[in-house]
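Chain nomenclature is as follows: A, B and C, assigned in order of appearance, with residue numbering initiated at 1 for each chain independently.
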Amino acid sequence: MGVVQPQVEVPGIEQDAYSPRRALRRFWRNKLGVVGLGIVAGFVLMALLAPAIAPYPPLATHFSHAFQAPSSRHWLGTDELGRDVLSRIIYGARSSLASGVLIVAIGVAIGVPVGLVSGYYGGVVDDVVMRLVDAALAFPALVLALAIAWILGPSLMHAVFAIAAVTVPQFARITRGQVLSARSREYVEAARCMGASPWRIMLQHVLLNAATPIIVVATLNIGGAILAVASLSFLGLGPPPPSPNWGSMLQDGSQYLNMAPWISLFPGLAIFLAVLGFSTMGDGLRDVFDPK
Amino acid sequence: MLTFIVRRILTLIPVAFIVLVVTFSLIHLTPGNPAYTILGEQASPQAVHLLDVKMGLTQPVAGQFIHYVGQVAQGRLGVSLLDGQSVMSLILTRLPVTLELAVLAVLLSLAIALPAGILAAYRPNTWVDSLSRVLALIGAAVPNFWLALLLVYVFAVGLHWLPSLGWIPLSQSVPGNLVHLVLPVIVLALPLAAVTSRVLRGELIEVMHLLYIQVARAKGISEWTVVMRHGLRNALVPVVTVVGLQIGALLGGVVITETIFSLPGMGQLVVNAIFDRDYPVLDGSVLFMAFVVLLANLCVDLAYAWLDPRIRYS
Amino acid sequence: MVNSRQALSIGAVTLMGVALAGCGTSSAQGTGAATHSGSAVTAAPVRGGTLNVGIDSDFVTLDPAMSSALIDRQAFINIFDPLLKLSPTMQVEPNLVTHWTVANGGTTYTLFLRHGVKFQDGTPFNAQAVIYNWQWEMNPANASPRLSDLSLVTHLAAPNPYEVVITLKAPYSALLSVLTGRTGMISSPAAMKKWGSAYGLHPVGTGPFKFVQWIKNDHMILERNPLYWKKGQPYLNKIVYTPITNPVQEYNALVTGQVNVIDSVPYQDVNSLSSNSSLRYAHNAGLGYADMELNTQAAPLNNVHNREAIDYAINRQALNQLLYFGHAIPAYTQFSPATWAYDPHITVPFSDALAKAQLVKAGNPHGFSFTLLGENDPATVQEMEAIQSELAKVGINMKVEPVDFTTLLTDAINGNYQSDLLGWSGRPDPDQNSYAFDTTGGSFNDPRYSNSQVDSLLLKARETVSQAVRKQYYDEAATIVLHQAPYIFLEYTPVIQAWSPTVQGFQVYPDGLMRFSKTWIK
């Protein structure tokens, strides 16, 4: 796994099930969702305040202090070049969060319009688009991302593009599904009979109704995207050293697993918590919009 | 229905062709060619050139592609540039490893997901449900490579209970084979179990609201029997669908798991082929994996169509 | 510990080198100055048993004529028997060639072959077989990496079945050393013809073990060769090689008993080995080294002062402690302490002041920027980051770019790089470690370095027979190369191998090849 999989059922649209205020109230009552929001907020603060809260500069090497176990001086120990693991994890939150959000943004920005057009017009357009989407989804996503990142060379931006490339078809497919089910609804049929232009219908009625499930899937997907970036970094396709990055820290430390497990285990914990935060928050959002 | 199946199968052909074009161009776009890999430390400009000529890599890429498509159309996947082994035989020797890994992972995931999902649906919105939900969220969020390292560190290095890596064929020793698969199967199964248990819970709860279940309840049958006999049977089909849709993710997980645990399966074959620029092996095995995923998707689509006649397939 | 060993082995080398020049009946069994805790042969060897061997990567091809990968040689040394063999101190000794003569100012070599040797398929080993192999390798259409070893050969002749006469274009003092490697490993011509391009999956040689089965990335099995010419050897029935690419896991596999011998030990575990009574190990100076290649044709490293600044700015001792846990030896030349060409006096000091002085001379007193390419594995990444932080102290801003091995080689060979981190596994003869690397247009000269003085010194060394005279030439050339810095030599990489106590009669060689003909299991 690792690469973005919308591991959710797409919630149905309960047209009148919510008003913003009621939804918010319901979210606050959802304990898990709030915990998720808390974790995410924690990581966001960590990323924003990194220079203020990191005890050491993240790149400062100190060969003679390498491989130190967690202690009061270095809470999470030092790594294979004598850098402070905690400080690197704190700074690592920046690239992880930014890349996760960026990937999903690209996925939505391209996938949603494609799915909208494909689903609304149907016919040949739909056929061609869906065959392309099928082809893209037929690749083991990680292998495809791996190949793309390989060609472009190791860098965070390239990893983001590679994963966004496999995310786009997923959003296209989800949006198309929403459009198909919305198209046959009474109010859309009604708007059409009343002579509204296709674009107006698409934007005003169809997209608006598809927005909720897309937001939920997007939130859930940020976690998946962070995991995917970490997977690529773990395979050596993340940002080039020495910039602090969770996946690369885990990989680079893995050669000293027997001797200094903290070097790779703590960054892994950070990845885990960040992904957990986003998926829990997304889960809570889904409950709000799609109460079962 | 029959026309739908035929039509669906026919659409596989253009999809397979796109997959082929993308794979072929991806790998040929990457800098470097197998001559460098093969020569390694001994690579000199002269030696690389001689080997390029020998392997036919100095011909134009378009010509190589046409040649390759012609070959695939005849059902031949070519031979490895590195050692001359047939790509099909490479795939076939590795397939059992991946297959066993995947099947055991699916079984283990069901063994976890079924009880978790059923209990959660049986007592929705209680602590049992919450627990199963939290566990599912955790299971889906754990990075598999991290989990793998953690398990190796604890069970292989620390406790010496299990081997840290490697593979023994079933034919050689059944217990040996299974012992080597314990950790990789756990790593693969956890996220799968997480997704499946949640889907099962949702479906079960929905089914339980249906009329005939209400009727069964009204007849005074115990709630447990209702869930197990009537609810589960109906909720299982979507679960099978979810498992089918997870095949793609499973194959992705296989790549990392096989690399970490040194299992000689398809995942490792693909990764090594990328590193080595072994074009025929990479093209052949990605095509093969894509074919498996497409087939799984097809089955899922058919299941949908069969289950839910409201979805119109024209 | 390491240094005293060096002194010993160098002494031994010079003495034996002279003795060898005559004929070769030397049967020096390396009880080894070099081997530290090798398992001494005390009890009588026992026949039988299976040896499980962990190797750090899978084999690429089992055809010595087509092989380039280092790891392949682990299989070859046991399947094939080279024409000449290496002693534990890296001296050339007779093997399938029992003796030889050199005539015509070093351009004619006559090799006398051992009688009664058979390939594992039963066909006879003779001069025709040797010539068949070499002619195949010299045919450009076969694209054999051995071609460059044989590029000076103008004529091959077999006056009788046990005599091969090699005529060379020019004298080539490394030829005998070349015959201890893959070029000296002769395949059965019958098998080569039978399997054609698939011969690499069905190798047939004259060595102590014959090939049985190879499942890629899983294991390879060798079996005792009943036709082996050394009566009574080998002792083992079977060898199973398992590739384990993760060094930590390879070591774990030895600790947990999944394998009996491993070809390398993670440096961080060596100290724990010495206190572990349930394992044996040996630690040897190797032939190879780790180094940076600097592209002398591309700015900013086309400026010799910028290159030399790097040389001074790197603290090799600190790198040795951090990356090798003190088990390597700082390197300044291409000639490792395990070879006779090593000279401990050729060094540069570690000095930020000297580095900064060079930066001033180069016209960029505040430093410069360049990119280092290196392989994408944790150990290399760590090494690159360590160099990066060393250079940053004098203001040199080195960007690190990990790429896969194929990209690395492609860029290095095509000159499409500023600098890279590529090592060399090393060969016994200094010519094999310098000529192609340092001379103008040399086939491994990735830095595109050109210096007429170095060219002429290395050519003279290649054409001279006397080892003492050659050593002077190599010292001179190495000093120039060190200060012109087309390469930044970092460390001589040690050979550290470990095995379980049941394994007897196993010895560690500087070339790292695990020879199992005398190994047995208690």
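Just so it is clear, a residue touches a chain if its C-beta (ideal position, glycine included) is under 8 Å from a C-beta of that chain, and two chains touch if they have at least 3 such contacts.
Only a predicted model underlies this, so the values are computations on that prediction, with no experimental measurement involved.
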Higher-contact pair (C-beta pairs counted), A-B versus A-C: A-B
Can you tell me which chain is nearest the middle of the complex, judged by mean CA position? B
For chain B paired with chain C, centre-to-centre distance based on mean C-alpha positions, whole Å: 41
Inter-chain centre distance, chain A versus chain B - centres from mean C-alpha coordinates, in Å: 21
Between chain A and chain C, tell me the centre distance in angstrom, where each centre is the average of that chain's C-alpha atoms. 47
Provide the list of chain C residues touching at least two other chains, using ranges where the numbers run on. 246, 252, 404, 407
List, in ascending order, every residue of chain A touching at least 2 other chains. 150, 254, 257-258
Chain B residues counted as touching two or more neighbouring chains: 30-31, 152, 157
Going by the contact rule set out above, which residues of chain A touch chain C in the complex? 61, 63, 66, 80-81, 150, 153-154, 236, 240-242, 248, 251-259
Touching chain C in the complex, chain B uses residues 30-34, 36-48, 50-51, 53-54, 82-85, 90, 93, 152, 156-157, 160, 163-167, 260, 262, 264, 268-269, 272, 275-277
For chain C, which residues count as touching chain A in their complex? 246-248, 251-252, 266, 268-269, 318, 321-322, 376-379, 381-382, 384-386, 388-389, 399-404, 407
Complex contact set, residues of chain B against chain A: 11, 14-16, 18-19, 22-23, 26-27, 29-31, 130, 133-134, 137-138, 140-146, 149-150, 152-153, 157, 191-192, 194-195, 199, 202, 205-206, 246, 248-256, 270-271, 274, 286, 289-291, 293-294, 297
Note: in the complex, chain C contacts chain B through residues 60-61, 66, 68-70, 140-143, 145, 147-148, 197-198, 200-201, 215-218, 242-246, 249, 252-253, 256, 258, 404-407, 409-411, 413-414, 424-425, 436, 443-444
